[in-house]
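We call the chains A, B, C and D, going by the order they appear; numbering starts again at 1 in every chain.
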Amino acid sequence: MTDNIYMPYLMKVERITWEAPGVKTFMLRFLNEEDQDKFNFKAGQFGEYSVYGVGESTFCIASSPTRKGYIECTFRQTGKVTNALAGCEEGSVLGFRGPYGNIFPIDEWKGKNLLFIAGGIALPPMRCVIWNALDLRENFKDITIIYGARSTKDLVYKHELKDWELRKDVKLITTVDPGGESPDWKGEIGFVPTIVEKIAPSSVNTIAIVCGPPVMIKYTFPVLAKLGFSDGNIFTTLENRMKCGFGKCGRCNVGKVYVCKDGPVFTLKQLKELPDEY
Amino acid sequence: MDDLRKRAKELLEASAVKVVIGYENGTENKTRAIFVEKPEDTGKLIFDSRCIMNLASYLTKHEVKNKGKMAVTATLPVMRAIIQLASEFQVNDSNLLVLGITPESKLIEFKDLAEVESFVHKYQIEIDVRNKEMLDKIDKMPASERWNFWIKELAPCFKCYACRAACPMCYCHRCTVDFNQPQWIPVPSHELGNLEWHIMRAVHLAGRCVDCDACYNACPLAIPLNLLTKRMLIDAKEHFGGYQPAIKAEHLMSTYKPDDKENFIL
Amino acid sequence: MNSDRRLIRKDSLEKLFKALKQNNKTIIGPALQNGKISYKISNNYSEITSDYIQTTQSSKEIAFPRTEKILAYSKNAEGMSVKGIDIKDIPEIVLWGVRPCDAIGIGELSAIFNWDYKDEIFNNRLSKVTVLGFSCSKADEYCFCTSVGGNPGNTEGSDILFTQLGENGDYLAEILTEKGSLIVSMAEALFERAGKVEKEKFLVDVPVRFNHEDVRNKLTTFFESGEWVQQSLKCLGCGACAYVCPTCACFDIQDEAHGKSGSRVRCWDSCGFSLFTLHTSGHNPREVQSQRWRQRIMHKFSYMPDRLSVFGCTGCGRCSRACPADMNILEHLISIQEATV
Amino acid sequence: MADFEPRIVAFVCNWCTYAGADLTGTSRIKYASNVRIVRFPCTGRIDYMLLIEAFNEGADGIIVSGCHPNDCHYTSGNFHARRRWIMFRSLCDFMGIDIRRIKFSWVSAAEGAKWADIVNKTVTEIRALGPYDEYKKVAKTPEKEVIHG
């Protein structure tokens, strides 16, 4: 049955990259070329990845829509499905449904400065939009990335962080929580909100994209407000528990919003209109 | 009933307890739980033969527990459940006062849970005639007929877990069925999933069930699942001596006797 | 739409049943089991009961079964093969003896399964169902269809609605849809011409207890109310209310492996369970029962009308009947309407 | 079914029965090859859900075996296990699960011959009983298309 909206595409794990303890990136290719040709997505969208016999799990697509022919996802090994995913080898066949959800309005950001703020395992959902912006670099003014993790070993995409650090057109600030630094650590030490306050990026003509654990988000928003960011210029992506991905199963319902349909990308302005159930 | 209201009022007025858990009139001649926190509301409290819900289930709910010291209207099965809960360190004298109702419907107040225990021990747990007949009937069936009987009886179960929610002994924050690593019991409701869930429930209640029938009364589909726990109760009695919940006693299934029956072991 | 009104003799219902069986219809009707009335596949007319106010469970299982395979997979030497379900296997069903509050619920379920993405599994199941509604001549304390826009003789959702004209009387048959006409065509002779009938005279009077639009308006500012905590103290946190509800559609997706093959199934879930929203990280957006109870009411009376233009409640009262703690939704809705914020 | 070969899962403790089964092998005692042994630290660790799981996965019979009373490596693990077996066995019987298919035994590290004997007897008995189709049918229900009440 072709209309079965629960039917995943079959994907082959082409490359596995070890990112950090318990964190891996899978590069996935469609088994069926027709599927690949049909497939299109935009920065910010997510999918349901499945290990047959174990279940489905929701993550953002971590690769940029500008890179065609494959998708990537990065996950931390925590639950039933992510543990099974971690057990997969290159060549394994997985299921993928998607893309679902709304997008970062990157077209509307033309001519603006972009400020990315991410914590821990929340860099992957942002990597998609970062690469998307970097691949269309001429459309934007300054691009600043502030990324923090618990310790140096928990930083994900270590190679790409190096690339970004070397690029002249990106300002990258990495930080680790106090006590998480290694002896040769050259980045900042401190929690993300503190570092944002210290760096004090200008809010003029700037869009801030924030993603991280709830506690980081909670303390970063006030800092951004102090720096003069309006609620409409602060974007984040929510992570609610989901099963279907298309507004039926009811799990991600927050107020009248379904995170899987109306999100996962929200502005702070939109979030403030929602009940605190995310 | 007036005694109960009067005493509840006194306790709340004197701030001896923060909440009185009792019964009030519900829909269609049913009764239901009420949480009285103001002395003027004690008039709503009732007690009669329709009050069959086991209020001990609320004693381990943190929304209720967090209110402070609780008093609870307790019939014999509720008192038994309380003693079992006390033996499992879920309630104690500092957070609970028992307003007992004797089988003769008289109010009886206890100084402490030890008194409740000695009161409870005056009465044996007896399985009622109707259920006993049912148990005998099932026992007499050939094994394959028993199997078909249970598969058929458990088939309607849609796993709403009302039996678990209503059971005073099922207070675990995360039940075995809620674990998925490993997934012991299938989540969906089907013959296998239902069978496993009910086996698991019965085994986890072995030696703890106080035969209050809360699970059966809670089941929206009237599945006779209490027969399983009743059977466990009879076995506990038969093999490990008379069973009565006791505060200081070792839990029946976490202790042993060197001479436990072993005629089935090769 | 102007319905075709006919009369069918009381004794002819059995003949209609037989005619449907002869046309290879699977008939599902209310039957007694363990002292409860539930929808069962009925092979004989005698299995069907007419003496009931409401079935314990709703008829939603017809299109949204408690457990349903959505795909099957198998691993072999060549790799992986995945198959969807085959709609051809879904039988033609006649749902017999549906109360108007249940029939209308099918539309509300449909709204959930068809806004944005269309759930074709649900739609295909539904397309094979013909609904024979029976209006109510009896009600109990739990019934409140009139408060949510329904009524005991509501035709919405039924393909044919039968109304018994007095105790032991014959039935008025309102043929409402093409599916209904098709049923009539299978036993044309049984459906006589109806004279002038005032059907309302024979319906039970269900008093209006609250105004659902008022409740909806109240809820827009009621989120932080302490009322939720008060109401939900009794709640034991089971899923009985959601599972018997004709419009509750929340579900879970689970994989069931058996060696190298297995299936992915969709099964019912409930917002009343604490696990429903629990993140793997341990964070739970709805941590306590009062939040989950609030979600249930808000979803039905505020979010659904806002998003899908339908209320998520038909007033059937099943949740209150099934509740082991006797949480009466009607009382709670009235107290929400009357509460001062 | 003359050529039916039962599949039997044995849950055994590490210290006695596993060592006993090892001795059966090193003593070159031949016994039925239908059994798959799963080793546990102690019979006290053998959860009843594992036995159910074995039936789910297609076992026709189950053997649970550990140290003799008073011989437990951990002093009392087998005594605790025995209590649970009494209850679990009774519940299984009450629910119509064929308890002739679940064997419990004490086999010490020195009883290689006894182990062979228990396995052989169990296999003969289960072979006579035939495959556990009753349970297998139920274990297959997750594969049904739709499950209604």
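The working rule: a residue touches a chain if its C-beta (ideal position, glycine included) is under 8 Å from a C-beta of that chain, and two chains touch if they have at least 3 such contacts.
As the structure is a computational prediction, the values presented were derived from the model and not from experiment.
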item	value
Between the pairs C-D and A-C, the one where more C-beta pairs touch	A-C
Remotest chain, chain D as reference, centres from CA atoms	A
CA centroid of chain C to CA centroid of chain D, Å	46
Whole-Å gap separating chain A and chain B, where each centre is the average of the chain's CA atoms	48
Whole-Å gap between the CA centroids of chain A and chain C	39
For chain A, residues that touch 2 or more chains besides their own	79
Chain B, residues touching no fewer than two other chains	156, 158, 186, 188-190, 221
Sequence positions of chain C contacting 2 or more other chains	38, 57, 66-67, 85, 252, 254, 256, 262, 265
Touch relationships between chains, expressed as pairs	A-B, A-C, B-C, B-D, C-D
Residue ranges of chain B in contact with chain D within the complex	138-139, 141, 143-151, 155-156, 158, 176, 184-186, 188-193, 195-196, 199-200, 202-203, 206-207, 221, 228, 231-232, 235-236, 239-240, 252-258, 260-262, 264-266
Touch list for chain D against partner chain C, complex	57, 139-140, 142-149
Complex contacts: residues of chain C adjacent to chain B	33-36, 38, 56-57, 66-67, 140-142, 229, 232-234, 236-240, 242-244, 252, 254, 256, 265, 267-268, 270, 273, 275, 288-290, 320-322, 324-328, 331
Footprint of chain B on chain D - complex, ascending	48-49, 52-53, 56, 69-70, 76, 79-80, 82-98, 103-106, 118, 134, 138-142, 144, 147, 149
Residues of chain C touching chain A in the complex	70-71, 73, 75, 79-80, 82, 84-87, 112-113, 115-121, 223, 249-255, 257, 262, 264, 266, 269, 271, 276-281, 283, 285-286, 291, 295, 298-299, 302-303, 306-307
